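The two complexes that follow have subunit A in common; it is paired with subunit B in the first and with subunit C in the second.
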Partner chain A sequence: METNRYDVVVVGAGLSGLVAAGVAAHRKLKVALVATGAGSFVTGPAWLTAREIRQASTTADLGEAIDFFCEIATLAGCPYTGDITTARFLPSILGDFHSVALTPLTLWNAEPRKGVTTAIVGIRGLSSFDENFMAERLTEQARLIASGCAYTARQISLSRNMGVPVTTLRVAQCFDRDPVFREELTSALRAAASGFERILIPGILGLETSAEQIAQFERELGCQVSEIPTLPPSIPGLRVYHHLESYLHKIGVELYRGFPANKVEIQDGLCMGLQIASPGHPLNLRCRSAVLATGRSSTNPLGLEYAGCDQQMRPLNSTGSVITRNLFVAGPLPHSSDGDHGNAMRILTGYRAGSLAASTRGNHAA
Partner chain B sequence: MWCGRAQLEGHGMEAAQVVIIGGGATGAGILWDLSLRGISATLLEQGDIANGATGRCHGLLHSGGRYAVKDTDTARECAAESNIIKAIAPHCVDDVGGLFVQFAQDDPAFFDQWQRAAEAAGIRSRRLSADEARELEPSLAANILGAFTCPDAHVDVFRLVLANLEAAVARGGRFKTYSKVTSIHTANGHVRGVRYRNALSGEEHEISCEMVINAAGGWAQSIAELAGVEAPIYCDKGTLLVLNHRLNRRVINRCRQPGDADILVPAGPTCILGTSSIRVPGPEGLSVSPEEVDRLLRLGDEMIPGLVDARILRIFCGVRPLYAPRTAEAAKGREISRGFALLDHETRDGVGGFVSIVGGKLTTYRLMAAEVCDCVVGKLGIIAECATDKTPLRPAIDRKTHQRALHLLPHPVADKMERRLGLATVRVIETIEARPELAELVCECELVTRGELEYVLGGSAPAPVFAISDVSRRTRLGFGPCQGTFCGYKAMLAGYQTHRWTAAEAANRFSAYLHERSRGQSFIHKGRQLEQLELNHDLYGAEQPFCAKPGVQDGN
Partner chain C sequence: MRLDNLALDNCLKCSLCNTACPVMAVHTQYPGPKRLGPELERMRREGLSTDTEWVEYCLGCHRCDLACPHQVHVSEMIARAKAEHRKPLIHGLRDWWFARPGLLGRLTTILPALSNFALSLKPARYLMSKLMRITPQRKFPGYTRPNLRSPAISGKQMQHVIFFPGCFIRYNRPDLGKVVIGLLERNGLAVEVASTVCCGVPAIANGAAAEARAVARANINVLDRQAGSGMRIVTACSSCGHMLKTGFGGILEDDGRFAGEAQKIASRTFDLAELLMEQSDAGKLNTNFQPANLRLAYHAPCHQRSQGIGRPWYHLLRMIPGVAVEDLDAGCCGMSGTYGFKQEKYTVSMDIGKELFTKISAARPQMVATECATCQMQIEHGTTFKAIHPAEILLQAYDERHSG
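Moving on to the complex of A and B:
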């Protein structure tokens, strides 16, 4: 059986897993990230709502965790805007406003602004987004929060056949790969934006797009542009995932993608390693410490023994004793009692578990 | 709100010979039966169609095997009725057949008894060896000893109710959903009319009538009270689990005394395991405990090993509104007969023109309707024979329409659409021909096209929709693994785009729909559906209810 040795093995590529791997890698440790796929945060706008922040604000290390997250997001090329002390209203998929503290840059400028003429531009054939619905809802909702911003609906058509129905992922991929397409989109949007100071579009601006490219795109359009979240495939969330994962790879984290970790090897209360259920033969990863961030699914490799975690984020069994001292759980695992599972909590627990794992000398398999 | 014949002109008050209360299978069956006999009738339903026990059952069209040993009369009724339903409503039935399987841990005497009882009840059956049974159903446990075949089938309950209503409307019958009866008027010991409130607008209306039929199922007692009489109902809760695969091809019954979790019915792309049997005070405010779910899963796993790990899409419970006369008071849920009773409140209580139909089961709904209507025509002094056993609920679709559908849509999509829409298929085909983008599959699990969605939302559909869950009951949209997370959103946008709803109305309806759908998932305490819930949460935000704690369920 194949064996690979690491300082820290992180299981799960949601926000907590990505942050935990980032923390360990920044401390110059040898890190592996094991994941079947992206975490569920990618289906949303990947923002941190004011409510989540409020709920997590009793913890002293929230600011530190968020600062670290913003730092790696910037290094990864998908900077976040905002901070934990302020909030602004941003449009949600249902056309109402959520109070948001931090968000990927491309969503930041969609807040209602009095006196700023704003168009919501849809794309013909993109059936999961309706610009008229959005404009009507947002105008009404903006009135409720007394900002009085009026939104006007516009639609563009693209000459390229992108299938029926057009999906945001298809548009984003064309945007990433095809300069001719980007040019056509730019000129169509420019025409739709004429007479407006700002346009809001469904999340379509590529999965790989960097902050500079968005700024360049805005200059070409001649007005401010911001994205609105859509049904999955939701590009803003996927874009954050894509950038963070590429960044971790760049700083030396080894990625094991596509297969679940199905077993934790425990000896005398220490986690010696994990097994990945890769096809053919299982792959064994040895580690000094580990982070489990597999989400609220049933695929927790600790199995039925797991019944929650203690203050130091170590897993407990049903009798309340620690299962293993050098394994830490992050994010919302099954049986977790915290009611809200927002992104702030994911980042916070990922940061903590990553820090604990990085400073723990477990077994000396490596 | 009005469906079918236009409101009667004149004094402004609506009128009908007969008012039927309750839009489940029985009520819809009565409306069709009366309409076929040429009697003007109006059906009032407090929610949407099939809102009570009808919409919350296994969807099992019983061959009678389940009752063969204990209740020969019910078994014989089921055997005859299921054959009639298969003949008059083939588009509602998935005639999969069933097995009564003998497991090593069950009483072998019951197995032999079953064979004799089934024969006596007229149930077609053939004995299979364990190997033969496992060849037909490879997922069955290895320790089975043998099995009997039987003509069990799955019936789409929503479609069946709709088919009865549509057929009735074509013959002049009328029905109103979201219309809750608030009082029953009597004068000189005879009913004169009913008053009802529109649950959406709050407006109150009256209908004058000669007779009132109480077919309110679990709510029958509260309706009877409006007329100052009794219709004693024993409410027996049954919990069912919807699993995300068809683990079986046929209906699998455990051949033993009826107990918990011993029937697994393949239903569309899913299968349904049930049930439990717990007495509850009434048909509303039901909940399910994790222990109950675990118990059902464990028992199901005895039949199909591995079932315990299957993904649960949804957990729902309904109430069997069993008839409980005073003598049956001491009996428990499963011991009370599944038979039905027609209560003539004129002879019982001196309230003329008021009858209640209580008890019974989905499979025998037509027979129940026929008996009620025989009684009603007698009281009205009309001579008209029941013809529902020989009259198809809707005409067959013509070959040309079928061919046109196949030009536009993949075979399974066209097939499902034809079964759902019948003759209205041609309208959807025309719209897709004119606007090819309407061929988009909005619900990929139940294969609902945008064209069909727009038709159901539009004014020309015979059963109007007011909520997104009504759309689900017409099309099965949202019954798959996403539980409406994606397709419900698209249905909301379609409702806006077709000018059915304003943006605010559409968004409110979608929130209500998500809430209702997530309540059905809130009883799920483990497994992969939790990932779907988390995704739901990320998508629509923390404002949506999100918990693994048991809640209160009212949705279907």
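Moving on to the complex of A and C:
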């Protein structure tokens, strides 16, 4: 009955926070997710590179964590393809290739294939996507990695006035809402694809689009289509985020969006709850355990006391003692060094912290 | 907003505000909150001319603020741009009235029956459309003689709260005000009705900054007098609640004594459901609900979300045995108070509402519960479903005779 009382409160809706909330919710616990904005995951291509997997694979539970992530991504309607043992080269808008292990389905088929005629199709007026530059660079890069795939640049024009400059967000929003626009895009792309077995386009296929809808779009087009992630906000990343967030909402996770958790209430080494800096007066959430996945650039509600974490992901102070036993850190926070540990590590730490929080019966008795 | 406020520099141009903007999603030309908020604010501070009509298309829904990872007050900057925008005369005249629902309410309720009759006449609506650019597509809410008074206090030991009714309850639905008082009384709270004026949200939305400041000061003076002893202030309209809790929208930040008073009022303001939920957490909520057989869809108004209080009404309604509630989670309804009445914005308003209308039709509830009066208007305008304030459902559940 008591609404502001949770089994697990997760702070931060980046990739690790979403995964942690998912783990706890899948164990039938009452979960709250507190977040200001979306986290840095949405600004990227939403894929997991082979390098990230290598960095994280010293730990035994990586496979388990990735499996869980793929499971919720599928349930949320944005399935991932690939696995942690293999990798393929996928193009970026800078015209180079990244070695990628897992990625949303819509990015997966862009790898260089020998003898497959491929067009890179740009949209007239679209900001930060240069199909000529990409085609030239990718053809050269593909030669270097000995795949011998030739890329050809094509451009389409759309009649819809989408402001200046046209952004991928704008195109994606039209794609989501307007069937007439989708039709025009389909026929323009179909014309550009003529003579090619495959086309690569900027990430524009909607923010809400499900995997089935994209498959349907491909059928209407009559050839294989893949997205290339663009500058932030990158539509493929944003799409995954939207799907995961709606999925968590659907399975009963209470979302507190817009205001930061600014205080952790600790009594005798136990986290009793968190305070959200809502307008007027703070909102207090009680919890049995908590996950802190605020990222490095947001304010850490533990304050200056936080100086890293132990093997069980519990926060430590500068003298090396545990600040609180039922709070676990995830995301980039556990890593003291700078540098990008990537999405694989975020999934792994989110999964671990979520599991630890879910199996910890911290404070209040039922 | 204070000009020395550095929050502007927190804007990293990540565009996440744009991804959350309901207007951007339906209007391909609208420049979006990033451009109209922080980008124009930077230029304004350098003294460059930035006036654009697009700022008028901002709903004031605050979704951009909630989406911002760095707590930039995007919509506050757009509101400032709105206040400086020079409108065509005819829009200016219309918005002058729209900014003053309190004055409009006082005048129309001198002879409410006549006002309602006149506002419903086809020729009158045609004229309003031609002369004032008010869409003839919508009906005006009915006005009633204001008769909301503080009830007689019976119990001696009761905790007192002060109820801020807002214009809609005062001039259109005083019966809803009585429902609010009834709910509070059944939970052991003695209620005094505040003699306040309009909260100021319509004034800010219509670019009338001076009017917003004037009503905010007047309200502070009244609340100071009536609730001086630290009494809690209860709102049942999400926009009034939003206004009071955000320290009167930041418009008094530079205003000496009023700035401090605004913060004190903010800290004492509670949404009705938030207060009842707190009672519940303390084990003091009257849960003597009679079973009902009701399938509801719940729509969370934007100004409820911007209060950062979770979903108290959703949880309260679910406490009534036999009531099933579906949270529609369908974004903004597109009405935004007076916005949807403006002729040139009517299509945008209805396009934004489409997602909500579709989800309501798919849910096929017996009725929609939402605490914002203009969200209710939009839902009833865009669908065939009835929309009511959740307080009415909750009060009925206490009373067996009306249940089911």
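Quick note on the criterion: the second predicted complex is superposed on the first by the 354 of 366 C-alpha atoms of A that agree within 3 Å, B and C clash if a C-alpha of one lies under 4 Å from a C-alpha of the other, contacts with A are read in each partner's own complex, and residues count from 1 in each chain.
Keep this in mind: a residue touches a chain if its C-beta (ideal position, glycine included) is under 8 Å from a C-beta of that chain, and two chains touch if they have at least 3 such contacts.
No experiment lies behind these values; they were computed from the predicted model shown.
When both complexes are overlaid on subunit A, subunit B and subunit C end up sitting side by side without clashing.
Geometry note, superposition on chain A: angle between subunit B and subunit C about the Cα centre of subunit A is 90 degrees, to the nearest 10. Within the superposed three-chain model, A:T43 lies in touch with subunit B and with subunit C [touch as defined at top].
In the superposed model, A:F133 makes contact with subunit B only, not with subunit C. When both complexes are overlaid on chain A, the residue A:R143 reaches neither subunit B nor subunit C. In the superposition on chain A, A:Y256 makes contact with subunit C only, while subunit B stays out of contact range. When the two complexes are overlaid on their common chain A, residue A:P165 makes contact with subunit B while staying clear of subunit C.
When the two complexes are overlaid on their common chain A, residue A:P232 makes contact with subunit B and with subunit C alike. Look at A:K114: by the touch rule set out above, it reaches neither subunit B nor subunit C. After overlaying the two complexes on the shared chain, residue contacts for A:K28 are found with neither subunit B nor subunit C.
Judged by the touch definition given at the top, the superposed model places A:G342 against subunit B, while subunit C stays out of reach. The gap separating subunit B from subunit C at its narrowest, counted between C-alpha atoms of the superposed chains, is 5 angstrom.
Across the two superposed structures, the residue set of subunit A contacted by subunit B and also by subunit C is 43, 232, 298. Note for the complex: subunit A touches subunit C at residues 1-5, 36-39, 42-43, 160-163, 167, 169-170, 173-174, 176-177, 207, 232-233, 238, 246, 249, 254, 256-260, 276-281, 283, 298.
Those residues of subunit A that touch subunit B in the shared complex are 40-41, 43-44, 49, 51-52, 92-96, 98, 125, 127-128, 130, 132-133, 136-137, 140, 164-165, 231-232, 234, 237, 295-298, 332, 334, 339-342. Remark: subunit B residues 436-437, 439-440, 450, 486, 489-490, 493, 496-497, 502-504, 506-507, 510-511, 526-528, 530-531, 533-535, 537-542, 546-547 touch subunit A in the complex. Put simply, subunit C touches subunit A in their complex at residues 14-16, 18-19, 24-26, 28-31, 65-71, 242, 244-247, 266-269, 277, 280-281, 287, 305-312, 315, 319, 327, 329, 354.
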